[in-house]
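First comes the structure, then the notes that go with it.
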Amino acid sequence: MKSGRLVYMNGVFVPENEAKISIFDSALMFGDMVFEMTRSFNKKQFKLREHLERLYMGIKLLHIPINMSIDELEQACLVTVEKNEPFFGEHDEHRLMINVSRGPLGLYAPVFDGKLEPTVVIADFPLKWTVSGMAPLFDTGINAVIPSQRAIPASLMEPKIKNRSRLFYQMANIEVSQMKGENNWALLLDPDGFITEGTGDNFFIVKNGEILTPEGRNILRGVSRAYIFDLAKELGIPCRECNIEPYDVYEADEAFMTATPFCLLPTVSLNGIKIGSGKMGDTSKALLKKWSANVGVDIESQIKEYGKEVAILNSDAPTPYQFKRK
Amino acid sequence: MKSGRLVYMNGVFVPENEAKISIFDSALMFGDMVFEMTRSFNKKQFKLREHLERLYMGIKLLHIPINMSIDELEQACLVTVEKNEPFFGEHDEHRLMINVSRGPLGLYAPVFDGKLEPTVVIADFPLKWTVSGMAPLFDTGINAVIPSQRAIPASLMEPKIKNRSRLFYQMANIEVSQMKGENNWALLLDPDGFITEGTGDNFFIVKNGEILTPEGRNILRGVSRAYIFDLAKELGIPCRECNIEPYDVYEADEAFMTATPFCLLPTVSLNGIKIGSGKMGDTSKALLKKWSANVGVDIESQIKEYGKEVAILNSDAPTPYQFKRK
Amino acid sequence: MKSGRLVYMNGVFVPENEAKISIFDSALMFGDMVFEMTRSFNKKQFKLREHLERLYMGIKLLHIPINMSIDELEQACLVTVEKNEPFFGEHDEHRLMINVSRGPLGLYAPVFDGKLEPTVVIADFPLKWTVSGMAPLFDTGINAVIPSQRAIPASLMEPKIKNRSRLFYQMANIEVSQMKGENNWALLLDPDGFITEGTGDNFFIVKNGEILTPEGRNILRGVSRAYIFDLAKELGIPCRECNIEPYDVYEADEAFMTATPFCLLPTVSLNGIKIGSGKMGDTSKALLKKWSANVGVDIESQIKEYGKEVAILNSDAPTPYQFKRK
Amino acid sequence: MKSGRLVYMNGVFVPENEAKISIFDSALMFGDMVFEMTRSFNKKQFKLREHLERLYMGIKLLHIPINMSIDELEQACLVTVEKNEPFFGEHDEHRLMINVSRGPLGLYAPVFDGKLEPTVVIADFPLKWTVSGMAPLFDTGINAVIPSQRAIPASLMEPKIKNRSRLFYQMANIEVSQMKGENNWALLLDPDGFITEGTGDNFFIVKNGEILTPEGRNILRGVSRAYIFDLAKELGIPCRECNIEPYDVYEADEAFMTATPFCLLPTVSLNGIKIGSGKMGDTSKALLKKWSANVGVDIESQIKEYGKEVAILNSDAPTPYQFKRK
Amino acid sequence: MKSGRLVYMNGVFVPENEAKISIFDSALMFGDMVFEMTRSFNKKQFKLREHLERLYMGIKLLHIPINMSIDELEQACLVTVEKNEPFFGEHDEHRLMINVSRGPLGLYAPVFDGKLEPTVVIADFPLKWTVSGMAPLFDTGINAVIPSQRAIPASLMEPKIKNRSRLFYQMANIEVSQMKGENNWALLLDPDGFITEGTGDNFFIVKNGEILTPEGRNILRGVSRAYIFDLAKELGIPCRECNIEPYDVYEADEAFMTATPFCLLPTVSLNGIKIGSGKMGDTSKALLKKWSANVGVDIESQIKEYGKEVAILNSDAPTPYQFKRK
Amino acid sequence: MKSGRLVYMNGVFVPENEAKISIFDSALMFGDMVFEMTRSFNKKQFKLREHLERLYMGIKLLHIPINMSIDELEQACLVTVEKNEPFFGEHDEHRLMINVSRGPLGLYAPVFDGKLEPTVVIADFPLKWTVSGMAPLFDTGINAVIPSQRAIPASLMEPKIKNRSRLFYQMANIEVSQMKGENNWALLLDPDGFITEGTGDNFFIVKNGEILTPEGRNILRGVSRAYIFDLAKELGIPCRECNIEPYDVYEADEAFMTATPFCLLPTVSLNGIKIGSGKMGDTSKALLKKWSANVGVDIESQIKEYGKEVAILNSDAPTPYQFKRK
């Protein structure tokens, strides 16, 4: 089945199901790839530049010899969206996946006739794929679970570079999939015992009228995470980084996760112990409401709509292995 | 340029330059892939079963729902070699790269018409690609360099699973590429300060007639590493695992690295400080000689031959970025 | 309901349900108590002296000013058993709990008319209370689960002193009680990622014909654990201590737990991943058989008999909170 | 000798010297008990609600299935005080000890006729027992001593839960009792080398007009500690948490300890090295004065009065083993 | 060649080349010496008192039984400068080196006729010796390099005491001397992966208009470092301490090093990756300009002048071994 | 008072009290010096070559550009002894102190007329200075005390290089000097909680007929320590390295310290808790006896003789500050 959607691959557009990377690419050999995943609101990309700036920081630190400027890459993203829009539904949003790797390893030059260059990919697919399964979580909330797997600290591998060497995320997800109950999402401690992040989302608590989130040390400093600081400012709510331990979460009034696709989801318990009222809190609601207002999309309603739609779609889409919300 | 070589991809053979993996595969999303890389001696695969057993241990621990048995995969490897032999030179050896990932993530099911299954790849390319650049090292020896980058300990991400989340290997390689001098290869310490391994090879020292290698904790337990134990037994030389610190290396009589493609290369200095005589030692030579005898190939000579041949080949094969011996 | 059983308390025998310790005792104030729990085989105490020697090591290290010699305490144990035997069934075994604390804290002297002395308690109850629920485990085996909770290393609190400051055991048990599946027992890692022990049992693996158990560092060095070394010697099986990581367990051929009440139980999986055949292994069986022969009791049969008996007993004995096998 | 004082035990009042806990209780088996110790000023309980809230946080985290609400427990405390007041002297203050454990372990159900429930205890004794020996310290000050024993970090056992697994407190006290000199109190470092707390008290320094105390991480967050923040606010002195190292203490102008029974005592040296003037500092004095004013009791005078009184009492009250100020 | 310069040694002035310390002194036996190194501006000592206060803190913590008061030592410093001024050039500045050790170890008393006392030394030499080689760095900037060698954390040896047990500084310098490129200065991480300091200088970054420097934990809290806080205040630029990781440096707009002799030098790259514009930034310039104005010396010009002068001087002054800027 | 003894200093012999090192030497600036201290038996140097080999390993690792070969240095040692013998008593032994540093730092070249070279010193003084105070310890034994100060692990500063950056030894000694009781010697734990060494001596235990000593990781690998292995072999007693925790010492049958000057001294308690019988054990005695026999000196008697003699000498030799046995 051809979807019509096209993926940008080093300057060429190919059908989505042909968007592939050589097995000789450093991305596959070492998990040596940086990436970003964005979304639109009402078809307009949100914070695209911020995502790309983080991407270029990773490119710099990994010494990837890319020839494209950030402006060129931004332009390529916009063209990709434009090309794909005809194949998107009216209410769909564009989720971009932007990948950059060092390209094929030099020793495999013969396979590429000596043409070795970084690999740049821009895929564009409907946001609903990612978020439809999360629709019920606005009501039930997430149960954050601390697995035995610890976050790898920045001194060993820098999580602030959004990279593809994240096997330990899967190890955490496997572990959490073995817990009783529903709506379990992993929340990782670092080796010091501080809360870091989920396996793809940032974590916040609200306590005594303040919004608190782990220091930007052993985490990806999420674009949505940064936006919470902006929203809090607009709402006049103090918001700051600090070290957060599980005990602080148990004492919190509210908690939530943030990530680009779903923006903000309530976290109502930790290891099965209720946080605050055990429901989405007022501050969480205010943030999500403000966010929705700012971008002109009722985020919760949109995702719930997607949830209805995709439930049908998914009925005949068995997945080989799923740990969580995929 | 078509080489004729074919790659096994989930039961189908495709040309080498079309051997690619979907950008929606867990391998690319998380570095969530296990792999093996083997070699032949006189066209006969060496320790293939041992490699596959390690692969299946990784498959088990990562909960990859593979349908192929180890026997079937072994058979597929042999068929792949057979199919490719016509495109190999008389003196070439077959280097296999066997990759297994969880396959496309469930949320991207629409791209695959719902057909989601683990990804199994077997590539087969000439060993000389990997080893030709190493030919001079039998004479000059390697200068092992300890970079600031530490090995990620097994408690955070299991190195004994041969996986593709190895960005920190590249970080170490980048660092070492900035050192003065020639023939610098990274040798990683773990956070306790013990020597672990190189970024793709195991490390040994010889001291007072004993062969010593780091405990099998924060390393990949290499197949060649295990074979050194066998060779030592055959030669009547004691060989054991222990914690090794840089100081122990400085006091050693000899040192060497092992890996599947080159078998054994002398390490003649650490951080520029000479080890023993500063040349390949007698025990190292005896091991390599015995290895050569056992497999019926003069390993050093073969690689030196490849070195001459590929020097020509490589002259017009610029590589975009190389840290080391690629 | 009076059981008739009596508990030794500082030289006096009191009914079991009156065996209590002052709330002003250092044992309750600080978890400042050492203890031992023994069992009999055919009514004869097993390794009582070894248990008491470990107890006196703890007494020495905690500077508990006990006046009783080890011989006197041993004698008191035997008298306690003798006094209680009339209230034990024919097939019952005597399980002793021997507690020694520093006694009431000095500041509470007024409560005790200034009479402050260490607290020495010897209780004697039927072994079946402890083991009846474990009867099915000889067939099903244990699924060892690694919780997020780590063992406290010896450098922070010495686990080789069998003490009562074990809140973290309960934390681990709570965590494991939240895992899916049956027969889950906690198996703790230390902060280095090495396997230590369960929350009341020692752990062994069998690999390539060798019996291996964690080094005696961050564990209680169990009396049953030591007996495995004796049995292995009798059976001519090599047995040694080493650092064991989860990976080693996954590679093992067999695994088992030991503890005084049940002697040896098979561990057939780790975190749900099968170990070896997934059944009690031959070496485990041989050890248990030899143990049974040596003490003249078929250990497995005895516990299975207790299992039948107590199933009835327990039907009207609701427990307020149980994490595991209590 | 009967004192007349009564202890609340699961709804029943018993004489103080009969207030005991079964040896089969989880409190004694695992140090699995949470507790609070309060005091009155002029017979009125101080911050009782804050103490109970902390207690209930511990009950929640340890999953203790208590049936009593916090209001009911508060009421029980007040009734206990009322019942005991006739047996208190005119100038005595009520020190409550409130203990809650999970109760007898399920396996010992036969001892309790199957009636298993959490253990709730409220004892009420004269404050002077605790503080009389501290009277001279207002003048001499405390010499804080850093023992080899480190605080167990929160990631291994949560000190913010006021629990009874505190054997390492006794280990620290034993160590400090072996130091030369007088008035030595333990002050624990965590494994990172930061100052945490004493073995029952919180620590503060005053530097450049600011009051500083260790971050609330590896400590019990004391009720008196929190009250210092209130007092500082009333006095207009900045007060904040930060990481404090021994060096910072040596550079400080003043230092003090806080705890419920004595409120605030000057710490005049660290490891025998004078802090500031080596006497109780002005800020310390101002805090204690304000505290006294707020509660209507001259705290220092009251304790000094108790000191005279109990000196006589204690003359025939030998204690078996005392490390410190008991 | 006699320079005329004199060194104060325990009350006596000796020629510079006779300023020596007994091999039996604790300074040489254990690196058991504290010291300060100051400079003048226009011949006037800068922050001499602050240096001496830090020195006396070290004397206190090391229990050195010095008889001299801080006032006496300050006086001795001034006298030393006065005595030496005749031998200084018109544009020279006075660099003092003030050393205090415990003196000869007691067991060597016979060598000293039993006269054992702390060793106090004040040397006075031209600042240009230290800074002339740094002249080009105002233009090229420093490339900070993170070596494998980590800073020893304060919990193991207190870097806030300016002491002479700094072998690990030399180890770091050796390592950095092996890096390609020019102007490489070591910048040490602590074992947590936070940036600490250079081997004799403090480190700052400027980011979003704020000046940031590592927390005063695993570093020497430099006098120049403290002065940056003063200057920032004067200039109205926020300046604060925080944990800084390499990633933060890569994201910074500017970076610089500070130390007494050179005051402030731009750091334009980290591990070869450009920081900000790769040149001395505006904030750095403003700080240096203000500093120059405050002390009445154009710091950069002065050092550049010295650079010209000493280039000649050094031409026949081979050094046996130099890692860096000596 | 001139003793007549001479010290070798870079090829020149100077009187002992003039043996001094420039304050501009790297030894004093950084503790950047390696050294050895030897002794004679019956005037014959013991294991001089082994000491020098260790010294040259340090010279190599610190990149000290020495021009003297090991043979030349050995020769210089022997000449130094010969020159000094006339000033030694008949029963005196020669204790050599051999120091090598990088020499004056390059920036201080003007002080040395540009003549910069490594500093080589050989002093020769009577052994009795060091050991006379230890005479009673053969009878009383040492009480080993574990201070709060931890050994710096090899990954941060290599203790196997016998270097002069040992301020933390003094910190440990200061701490232990504050303990009650007599004969207290520091015994350092590493950050993992394993026993390392004293501040100048190695540690052994004897348990179940085996001699055990800490692994050669975070310690100086002493020449006397190595000789214990030789002696044990001669006596047929098994002797091996392993990780030793305080608990193991408490369980040991005997313990002792070794160092060059005193050879072997019994350690009879740890932190005041008796080890074994609390007296010098049989194995310790056998080792010392064998050692004495091998070298032809009754070691214990000799030191006891020195003890008598020097007691008089020391009566008018006040020392400014002594932590221990100096």
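Just so it is clear, A, B, C, D, E and F label the chains in written order, and each chain counts residues from 1 on its own.
Rule of thumb we're sticking to: contacts are C-beta pairs under 8 Å (C-beta built on N, C-alpha and C of every residue); 3 or more make two chains touch, one makes a residue touch a chain.
Just so it is clear, the model here is predicted, and its values are computed rather than measured.
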Joint neighbours (chain A and chain D) are C, E
Dist(centroid_CA(chain B), centroid_CA(chain E)) in Å evaluates to 47
Where chain E touches two or more other chains simultaneously, the residues are 155-156, 161, 189, 191
Listing every touching pair of chains gives A-B, A-C, A-D, A-E, B-C, B-E, B-F, C-D, C-F, D-E, D-F, E-F
Residue set of chain F touching chain B in the complex reads 57, 60-61, 153-156, 158, 160-161, 215, 217
Within their complex, chain A touches chain C through residues 146-148, 175, 178-181, 189, 191, 271-272
Per the touch rule above, chain F residues touching chain E in the complex are 1, 3, 7, 16-17, 19-24, 26-33, 62-65, 97, 99, 102-103, 105-114, 116-118, 121, 123, 125, 129-130, 133, 150, 152, 155-157, 161, 163-171, 174, 191, 313-314, 316-322, 326
Chain B residues touching chain F in their complex are 189, 192-193, 243, 245-247, 250-251, 273
